[in-house]
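Shared between the two complexes below is subunit A, which pairs with subunit B and subunit C, respectively.
Showing the complex of A and B:
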């Protein structure tokens, strides 16, 4: 709220100035509202962030680096990168395919498919984790068969990757779908009538038109993949150096009262969050600028 | 390349968009599909292009059935109402697209493509805009780029969906004359869809007037305008007044009561005088007189209270010296009425 008020104020063009003039509250009320928002943000966002970094660096840079260089920490970082490295590309391919199918075609069961894609958003991650345990665990449906064939999924790396894929499943599709729908079929039809194959049309027309939404979706998907705790926690088994991801490692180390080490790894995740935020803002700014250019020069003959 | 449409029908759900359409378009002609929205004209165009498929019937190019061929294989140039330019490609890349996506063995060389694109840019008079993006062009320029892009692949047929629909009035006028010139130059069989009768009559060699999924009449602009086949065609091409009356021995009698057959008369086929002349006149009171423009337009009310539109030349108006709220005698000029009694169903709708 605070940001939107200052934004309209600074861009005092004719009509919006008049509108904001009519809708402006008294100065005291404005300060109260802005103040409330700032206090709220400080307590719930800035302060915790500051605590993460200050706690991580409490005993100097040496202790901080030691916390990160710990073999268990490094293995957790590697596992997180592996899980995200597999989950994000897979969900990118899936998300593009799903958004394309849902955005460009009409078929029976379309709304059901959309609901299914949203499922990981609505189901608690812990429940998602349990679903995998029930499927692949020792007492699970496929567990005994898997054990007989020497395949371990639960309490092993495959389970963590599966859980991560499931939880981050909707991000790309959800970001892409509105963009793909809004663009309609005209350009694709033009490409096909010019002799382009389906693949050429997709590669040269559909994908470039959706690129900002795609990048945005991938960034969000990646942030979630690296930060996921609940579902991964259930299937991981918390085996140090083997099945701990970064969030799990932080919890384990923190429970051992190794605060600096815990906060050191936590600071890496927080940093990832900040970078995600910065890239996201940059992309939104870029996309808005592209839209403005597209609108300018529309009218005159 | 000639186009034949044979018994094409298309339904969307329970709505019949096209009902057993037959149409023969001779090679090299520029044909307009004219009709109100919902008449099926765009659907017919898209079926010819292969962007839509007919439920039954066939489309033939040069006598060869191409109904089952995809849009990609029909070698059709299609120009969309809202241009559909590739927004992330420059003007040059847009025009070159159709050549660049060809399979390698029939793809022209880089130099050939460049030469071809520049030739087309000269044709559409946008030679120095090659590196611009569609968003940086005006509506008229975008539409010309869309045309050049369609022509680049040397299509056998050019199809245009409301090509001037998204442009403002002045650009429309310029561009449709330009399209006519262009067609005379490249001589490619072309079909365009429009709901604007002036556009169809001015640009096309032949006009197919469509209504409710059928072709009401197919003929030259002079044919459809002067000898309309149905009351719909008469009504749709230009303004008309609707009366009840009868025609006897070549003279038209307008009835003040709702009896007799339906009679259409164009505003400029109504003669106005101060004195009664002959027996086929009726009385009307002038209400509004618009003198701006080449013709004077008069809105009047008949003696039985119906509105009537009259148009006359400035000279005639000057000679008469009409003023508002004046009673005048109105006579339909003899040969200029259209009796709708041969098509009662169509007349009821109009």
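Showing the complex of A and C:
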């Protein structure tokens, strides 16, 4: 009798226990937390973004377009496209090779190799540019030899491309590796045992499985390549119309108090950043949906 | 390099004691060779060259340059500002992750995507934007000036910029842990009589702590080397608002190559130490995470970035 009484008691306390706030916060606390997070994220994310576009359009669309059509701005845009156009494909090929070697095989020293690939992420951008100055600059290790042969790397376009490659070095490899590793080797082994060559296995088995990670790695690599400032600033020499990329052009024009022109070029890079975020969200949504479909399909016999 | 050797077979276990495990998949030689060559040419050799250049300085000279008063003032600002920024991100990052995982409100999806903005927005763009926002006639600067607070061109400006660029790290390391956290633990705590605050501090906080600490470390490491987003808002007064990366640039512009080299090598050594520390932290927090969610965790292919991007 006593036991049955306690049982009904605990049963009736069930719903009230859940509603008593032991598992959720009170509505007022919830709104305070949401409000604080919203204020913090708005001040640090929305406002800086809004400032870029509002400052760019402050004096109307004519001034905005004039800032972009300026010959120095156009040459900066061309140089940025050139540097990213060389750095991104090279790092993509490297990322695919690294993901293949590290993701499909086991060998001694693998984790050391992965850490070494990550190195450029941990180096300050300014130091990244500076190590190329120490290598190829006038005072650098190869400096005298380069002068004798009339080759300019520092304060010229090759230095900018090298610095861009360095700072975007790990992106594709880092994005691709976990996906390639998670896929396992079964499908590749099946393909090879059925007579596929290495390239066929790569193109028809591995690549289709890892395509979203590859696309994501490439767009991140590209966003960083086009926006890199510190490393490129050290090796460029800031020669207007010759060795200024878009971020360097922004600095020069901003320091010249031409704010509308600076923000006009900045708005292009901000748009690139927003497109990058949109593609990222799209790919994540795609991956979530694929996981849900796989889960739903897995339940069936 | 004898990576192909498969000759050392342990006769007892028949376990191959090999440098590389045998595989039917082809292409290891090409992929491995290209990876190592590319890595060496673009990263390892230039880094080694920097150390070689620095070795031209005597031990005494090196430390004299590294510990010069102007350099010391820049370390205080770079490391102190990064610490304050990372602490702000630790607190607000956990809060933001909590709100994004546990509550529903309009605009949540967009806000969640925007958290990565500091990664996607070029640092120079962030720099001029923050400088304009907090300048005495900017949207926030004007408001704060009436309260007597000045952010642009002061040390506060450096902290604001370093908070901005470190913002995604704590949110993105804590968010997946909160998502995977089993509600059963909270239910158990509540059924044993814990109130919500006790459940939070005794059950939830210990679970997210390793991830939050990793995010904190990543945000700090990134902030120490940051350049572009800081120099526009900092004012760049020697001894007062001059960060270490800027000091390297200034030394270079003054053709003081030995000064720049010494400080750059010092910063490199610190970044490597921080990289090692964060790796250890991640191994530890990964082990914690696995112990908590023994059930297979859902695949999160994009998480690696936040883990990898430590301290640019």
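FYI, the second predicted complex is superposed on the first by the 278 of 301 C-alpha atoms of A that agree within 3 Å, B and C clash if a C-alpha of one lies under 4 Å from a C-alpha of the other, contacts with A are read in each partner's own complex, and residues count from 1 in each chain.
Just so we're on the same page, a contact is a pair of C-beta atoms (placed from the backbone, for glycine too) under 8 Å apart; a residue touches a chain by one contact, two chains touch by 3 or more.
No experiment lies behind these values; they were computed from the predicted model shown.
Of the two partners, subunit B and subunit C, it is C that touches more residues of subunit A. Once the two complexes are overlaid on the shared chain, A:186 sits against subunit B while remaining clear of subunit C. Look at A:153: by the touch rule set out above, it reaches neither subunit B nor subunit C.
When the two structures are aligned on the shared chain, A:194 is found in touch with subunit B, with no touch to subunit C. Applying the stated touch rule to the two superposed structures, the overlap between the subunit B and subunit C interfaces on subunit A comprises residues 189, 192-193, 197.
Residues of subunit C touching subunit A in their complex: 3, 19-21, 23-28, 30-32, 34-36, 38-39, 42-47, 49-50, 52-53, 92, 95-96, 98-100, 103, 105, 109, 111, 113-130, 132-133, 138-140, 163-164, 167, 183, 186-187, 190-191, 194-196, 199, 221, 224-228, 232, 245-246, 248-249, 252, 257, 260-261, 264, 267-268, 271-272, 274-275, 279, 298-299, 301-305, 308-312. Across the complex, subunit C is touched by residues 17, 21-25, 30, 33-34, 36-38, 40-41, 43-49, 51-52, 55, 90, 93-94, 97-98, 100-102, 104-108, 113, 115-127, 130-135, 139-141, 162, 165-167, 169-170, 174-175, 177-179, 182, 185, 188-189, 192-193, 197-198, 201-202, 212-213, 216, 220, 223, 226-230, 233-234, 246-248, 250-251, 254, 259, 262-263, 266, 269-270, 272-274, 276-278, 280-281, 283-284, 287, 291 of subunit A. If you check the complex, the residues on subunit B that touch subunit A are 49-51, 70-72, 74-78, 80, 82, 84-88, 97-98, 101-102, 133, 135-140, 146, 149-150, 152-153, 167-168, 170-171. Interface residues of subunit A facing subunit B in the complex, by the touch rule stated above, are 186-187, 189-197, 200, 204-205, 208-209, 293-301.
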